[in-house]
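The next block holds one structure in the form of structure tokens; read it before the comments.
Order of writing sets the chain letters: A, B, C and D. Residues in each chain are counted from 1.
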Amino acid sequence: MAKREYSFYPGCSSQKGASSSNYLISVQTMCEELEVQLNEIPDWNCCAASIGYAGGGELPRLTLSARNIALSEQHHPGQDIVATCAACWLSTREAAERLHEDQSLLAECNTALAEAGLKLRNETPIKHMAEVLIEDLGYEALQARVKKPLEGIKIAGYVGCQTNRPFGIAGESYENPKYLDKLVETLGGDSIPDYEKKVQCCGGALAFSEPEKSQEMVKGIIEAAYDHGADLIVTPCPVCQMNVEVYQDQINQTYGTKFQMPVVYYSTLLAVAYGRSAKDAALNGQIIPAKALDALAAK
Amino acid sequence: MGELNTAMIERYRNSFLKEVEANVEEGEWVKMCMQCGVCSGSCPLGKFWEHPPQEIFMMIRAGKREAVLQSESVWMCTSCYNCIVRCPRELPITHIMHGLAHYAKRLGLVPKTNPTAKFAQMFWDNLMVKGRVNELKLGLALYFMNGFGDGIKVALKNQKLGMAMMKTGRMNPKEAFGGHAVKDLAGFHKVLKKAQELEDARIAQNGPPAGA
Amino acid sequence: MTAVVATNETILVVGGGISGMTAALEAAETGKRVVLVEKRPYLGGRVSQLYKYFPKLCFPTCGLEINQRRAKQNPNLTILTMAEVTGLAGDKGNYRATVKLSPRYVNANCTACGDCATAVTAQFDDEYNYGLGKRKGAYLPYRMAHPARYVLDPAIIGTPDAERAKAACRYDAIDLEMQEETIDFPCGAVIWATGWKPYDAAKIQPYGYDRFANVITSVEFERMADPTGPTGGKLVRPSDGKEAKQVAFIQCAGSRDRNHLLHCSRICCMASFKQCTYVIDAFGADARINVYYIDLRAIDRFEDFYQKVRANQNIKFIKSKPASITQDKDGSPVVHGVDTEGYQRFAEPHDLVVLAIGMEPAVDPASFPVPIVLNREGFIEAASANGGVFAAGGAADALDVNRAVQHATGAALRAIQVVNSVARAEV
Amino acid sequence: MAAEKKLAGYICTGCGIGERLDAKQLQAVATREGKLPSVKQHPMLCGAEGVKLIQDDIDAGNATHIMIAACSRRSKVEAFSFPTVAMSRANLREGVIWSRPAGDAHQETTQEMADDYIRMAAAEIKFMTVPESSGEQELNKTLLVVGGGMTGMTAAVEAAKAGYPVHLVCDEPVLGGVWKDLYKRVPFRAAAFDVPGGNDVDLPQPEDPGLDDLIEQVMANGRITVHLNAKITKTSGAPGRFSADISVDSGRTLTENFGAIVQATDYKPYDANQLPEFAYGTTPDVLTNFEFERLAKQANGAVIKRPSDGREVKSVAFIQCAGQRSSNAGHLPYCSGFCCTESIKQAMYFKAQNPGCDATILFDDLRTPGAAGEDFYRSGQQAMVTFTKGQASAVVAADGDLRVKFKDLILNEDTEMVCDLVVLATGQVPNTGPDPYAQLAVDEAPTEEEKAAARAALAVAPPSILNLDYRQGTDLPHLKHGFVDSHFICFPYETRRTGIYAAGPVRRPMDLKQAMDDAVGATMKAIQSLENAARGSAAHPRVGDLSYPRFRKEGCTQCKRCTVECPFGAINEDEQRYPQFNESRCRRCGTCMGACPVRVISFDNYSVDTVGQQLKAVDVPDEFSEKPRILCLACENDAYPALDMAAQSGEHITPFVRVIPVRCLGSVSLSWVTDALNSGYDGIVLMGCRRDDDYQCHFVRGSAMAAERLSKVGDTLTQLNLETERVAVHEVAITDLKRAPAILNEMAETITRIGMSPFKF
């Protein structure tokens, strides 16, 4: 199969030494296996995520994304933009659509971009990596490369918010998306289709400012996973991964729970299932080790 | 920003709805709400709301300007988009909430102690510096946002976590010095400066003439 | 070959539900020739699937009995069942209709004795009961079906069941060789009365109709309440058959919602009030009912009925469009939302949740035989551009039975105006 | 119709009849006891061959009166359709073999059941004749439309389009009625289908009311004669031959003949003087929606000024449900249905003229149903009309401002709003004549206070509109709240005055679009009734029935029961005080026949004899046989089908019952009951329809009348010193598949308990 090429928008948190740098590593491994080539958008900037709204007004925020798209259109013409971070994907795609609807905003955007000699044509599809896997490649192609099925590993597919709403993956419902479950099954693992917290918000946006609120939300998500006998949780979103994984100690302190629930990226699952090393799968990036996967990777 | 606030009060007299329509991102949608309450019921932070979205929309119509713009509630949105996908009138509720928050901040009406407001501002300021977010600096700034003493407490509470993050290569002390940045920083700043000017200009001449 | 006697003074009525039957009968009883085309194997449409009517709480089969007697006795009326209009050529006062007749595999000899049903074994979802029950492959659609003639499910043709059915019939009524046929005939005016269909509840994802057994639709609940229905009239939880004493009615399920149907379906509030009385009649003081609504639309004299229901202490009205439904450990649906009157949050478990499902017009613009003026909601608008095609009842708007019949009666006059002018032209 | 009666019987042995019953025996009964000269059997009578067998006899002139013993009269109606001969049907399938368990244990009694049904059908046919129309009928295609509003004008125009001449009577100097002050109307259409750019693009806006256009159509139409400033001073006759005196203000009166009548007198605006809490009457700046519409029309798109000081209105509040949906004295208990969209429309007047004007609608439930309704709601919101769910408690006029005090139901607080103008969304009061039964209500009221209430209602009764020269009053009977609506959900145009149809807000509260739609439907029914009258055919629900009440004048005692009890007020009294049946007003329910103590009223195909002879034909075994006989008279629309369907679904009934369908329980003659008792029946069950306020009797009062008459049967029984349990009257619905048989079986048990009747011979 011919290599697929995408214009890649990694986002701040995937950068070296940043909170989801492990995500980037596993994604790169996964893409090698799937013969997907990611061409990083040169000199991309932050998307302002969904928390930039206080400081940034509508136009400045749109302009941030506009700059990224413009750069992509300039350097990687004809290539779809793919983001791995849910927030990056959402902000960028939302900006693109908003600028489609509102021509005056688009004009203002371009006036601003002109300051740096950039122009936004705004003709580029903007995808999340999950869309690339499921819509562009398809489950069959993903299954074809499985070397080490995730046999006997029970995995709760935690979809969260931003890969799911408001755009979501084609054909999936907002309330009960099944793509992570299907992915887990594709890789030979045991899914938990009726995991009722799969789209429950983790409160990531408040993780820093109002941790007590976000951590209460995280608690519910982990509890439900335990109730269904999950060995680990898989997620497509760095904010979710970080937020659900790293505060378990603090949650245990607050609520007297004994959570030790590993939370991994789908890309880590694929890397392991495709027979790659723990390092390639960035399992060493787990604060709560995913022992089942470590074991499988070690085999 | 106090004078902008006074100007707006003057300009829109008794109609807060019109003020929102003219100055708040996606504010023109507020009038289309039919008070079904699906958004209020859908918000994952629901139980923390003093005023849930649908109630805020009603308050806007009822002209409760201060109560809305000074409310903590508008800062509580986590952008989960539950409300948006369920709203029977397709109101972009998430954006309206953000829009209200931003407008409140412009007018200087944000409750002084609201942590999310502070964090959101920090986040923006942080990314404005180098075009990319510096998680470490953001984190540190965050710890100390409520003063030094408080900051130490928070820092200690998160020390273990910090160590773990570093151990797993997901936090890098070197980021404290320099760190990731956009190469064409000058261009980046020019672009954003321009965008800000255009935005300010629009707000300035926005809305119906005074006395309408 | 089915023969239809018709001229361009004949009125074609498409749809044999209450609206189509009414339009056809009113025109026929005024002395006009009428051909009534119905897709189902029997007349009566959706009202035949209702247990009671609001606000009188009387029985639809009562009026249906009269309408069927009117139909049986009227020499001006030709009824074609299992028939669909596939084409309409020409224009006002001079149409030629093409009608596809699906094989029933049972001819007019049928005495409805039921021997064929006894003989066959295979079972199928009973569409008359919205799949809540099963029926045989040889069946009478429902007890009062008119024509009172059995039907063979196409799925059993070519199977031993078909032979069993044929063998069991003593009146040579089963004809396994029956083929689909297409006929065409002239007509001067067309009354389009294809009615409505319940909106697909599975599309309302937050309510989990596709995930939770104890979340059902109002049309299904109606079958459940009918003593001749799949549960013998018992109001029970599909999941475990336990009595459903705590029932939630969720209004605007699919209606007034830009993600689903734009329009207000008009009937749902009244239908839910009616269905509240079913629960009260069944469980009296033990009944606990919550009605979740945006606006209660008991328009005009219906207000009386609303007040009567409202007076019952066991029925609570909550101004709220529920956000979502989850399911608790024992399979009870839990309704989550906010009472917008004074902002109260709730998470109420119930035995059963009934979605007051919206009315989707059964008008398919893609396959409509002639150009037709539709509105954004998909209903047929009255417009001169529609020529001699007049919508009646549910095809024209979301209407209760009474208004649908009223509207259909008017449609009959519109059609008569056309054929009368034709008649004069020919004199 | 052949002068000589040729009787013939046909027995079907299909559907298991042959297996379950002794057909030879049936044949014997039909010939020997039924005295049918020719009796034929066929294994499948409803099949082509069987039908031919019958048709041949008819064609050969060998059969003028046929008895068919097969399935229920409700089955195979199309096959057994022989319009030229009289026909009776013995129900051997549903009525016997499906109602009885198989097996030798039951064989004897089941066979007896069948034998009796043969005897009964054979007896019945001897007394039936093929109805022929009286021949008095003529076709009068002209319609009288009463009411010159949009509803009436629509009725006139639509009738004319169908080729029917119309006289349109309007009591005002100009056409338009209550609608003539409309500045604009609520849009008739929903948003258009194929408009790009989303759901809220091009939403419907207030539109031209179309009044002038309609008036022009009326005036220009050669088939329509308009009478302005005119009143109906007398209406007499019947469908096909109505005669109306139309008096114009000049004092001149002209008399015209009509085939049918449409009453489209619309509504009267509610009198807001009953709403002092909203400061109505104390300041001109508080108006009703009707008054405001006039104001808007005068402004005609220009600035809308306050009546009090001519100041431009910059803020306006609309109070919904003003004096409506309330049990308070002087308020309307119902919702007027049109006011929500009306207020949205009126609020949009302000927005169109000055977007800066604040327009707030205070509502409890916003009622904008249907496709157009919800689109218009969104249209109003788009125009920035403010919708507030609130309950207004008071309006206070103070220093040039109006303070509207209300409870905001969403924000849950008592608050107030200051505005320049207040519009009260008041309701529609039906513009109907006095209820003909208002007097009856007084007489029938059980308690004193109800009597008082009825008298009060009578006292304030409005003047007559139709001035019907009817024995039962001058106008259409009211249903509720003064509306003359039909009581039947399936039959919205059912009328209790045949040939006279109400249209628009006289039937029920409604908006303009519905009123105009309604006019079309009512006109359809009016046209239908005059066409049927011309054929001598009954109106709904017995269209096609040519029979009509025949009566033996010499036997009549002028007791007037028939004229009083007729549910449709069809019967008048002539100069010599004899009943005058006005057959095209008659609905053929037979209530008059049931009412007549001297049995002088009958129909060709249904009479005291057709039923009386059936019950006499039944073989009544002696007291010691332990075979009681129970007579069941069942309404043919509900109880009888219920029994049929019960049998179909396998319910069993006592073999001792003999069921006779009746047109309506109202047609039951007490003589049948006494005859039955005298001829030794042990029990009698009468099954009619529900008769309370939610009555389901398709002849309105028939079932109630019967119940009233039969309430006195107890005395008869006691005189004969029989137990009162022997006669029972029940309300049975068509859905009573279990209950109907149970009632009969209970009666059988009762008989076993109290013993057989001594009156056996």
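Quick note on the criterion: a contact is a pair of C-beta atoms (placed from the backbone, for glycine too) under 8 Å apart; a residue touches a chain by one contact, two chains touch by 3 or more.
Every value quoted in this text rests on a predicted model; they were computed, and no experiment measured them.
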Central subunit by CA centre of mass proxy: C
Chain pair with the higher count of C-beta pairs in contact (A-B, B-C): A-B
Furthest chain, CA centroid comparison against subunit C: B
Approximate Å spacing (C-alpha centroids) for the pair subunit A, subunit D: 66
Centroid spacing, where centroids are CA-atom means, of subunit B and subunit C in whole angstrom: 50
Euclidean distance of C-alpha centroids - subunit C vs subunit D, Å: 23
Residues within subunit A bordering two or more other chains: 174
Residues of subunit C engaged with two or more neighbouring chains: 206, 256, 258, 319, 324, 340, 343
Residues of subunit D whose C-beta touches two or more other chains: 199, 389, 410-411
Chain-chain contacts as defined at top: A-B, A-C, B-C, B-D, C-D
Touching residues (chain side subunit C, partner subunit D) in the complex: 18, 26, 29-31, 47, 53, 56-67, 69-70, 72-74, 108-109, 111-113, 143-144, 148, 170-171, 227-228, 256, 258, 262-266, 295-304, 307, 319, 340-343, 365, 373-379, 381, 397-399, 401-403, 405-407, 409-410, 412-414, 416-417, 420-421, 424
Subunit B residues within the subunit D interface of the complex: 14-15, 17-18, 21, 31-32, 34-35, 54-55, 58-59, 61-62, 64, 89-90, 208, 212
Of subunit D, residues touching subunit B in the complex: 199-200, 355-356, 358, 377-378, 381-382, 384, 386-389, 408, 410-411, 415
Subunit C partner contacts - residues on subunit B that touch it in the complex: 34-42, 46-47, 51-52, 54-55, 82, 85-86, 88-90
Residues of subunit A defined as touching subunit C within the complex: 173-176, 194, 196
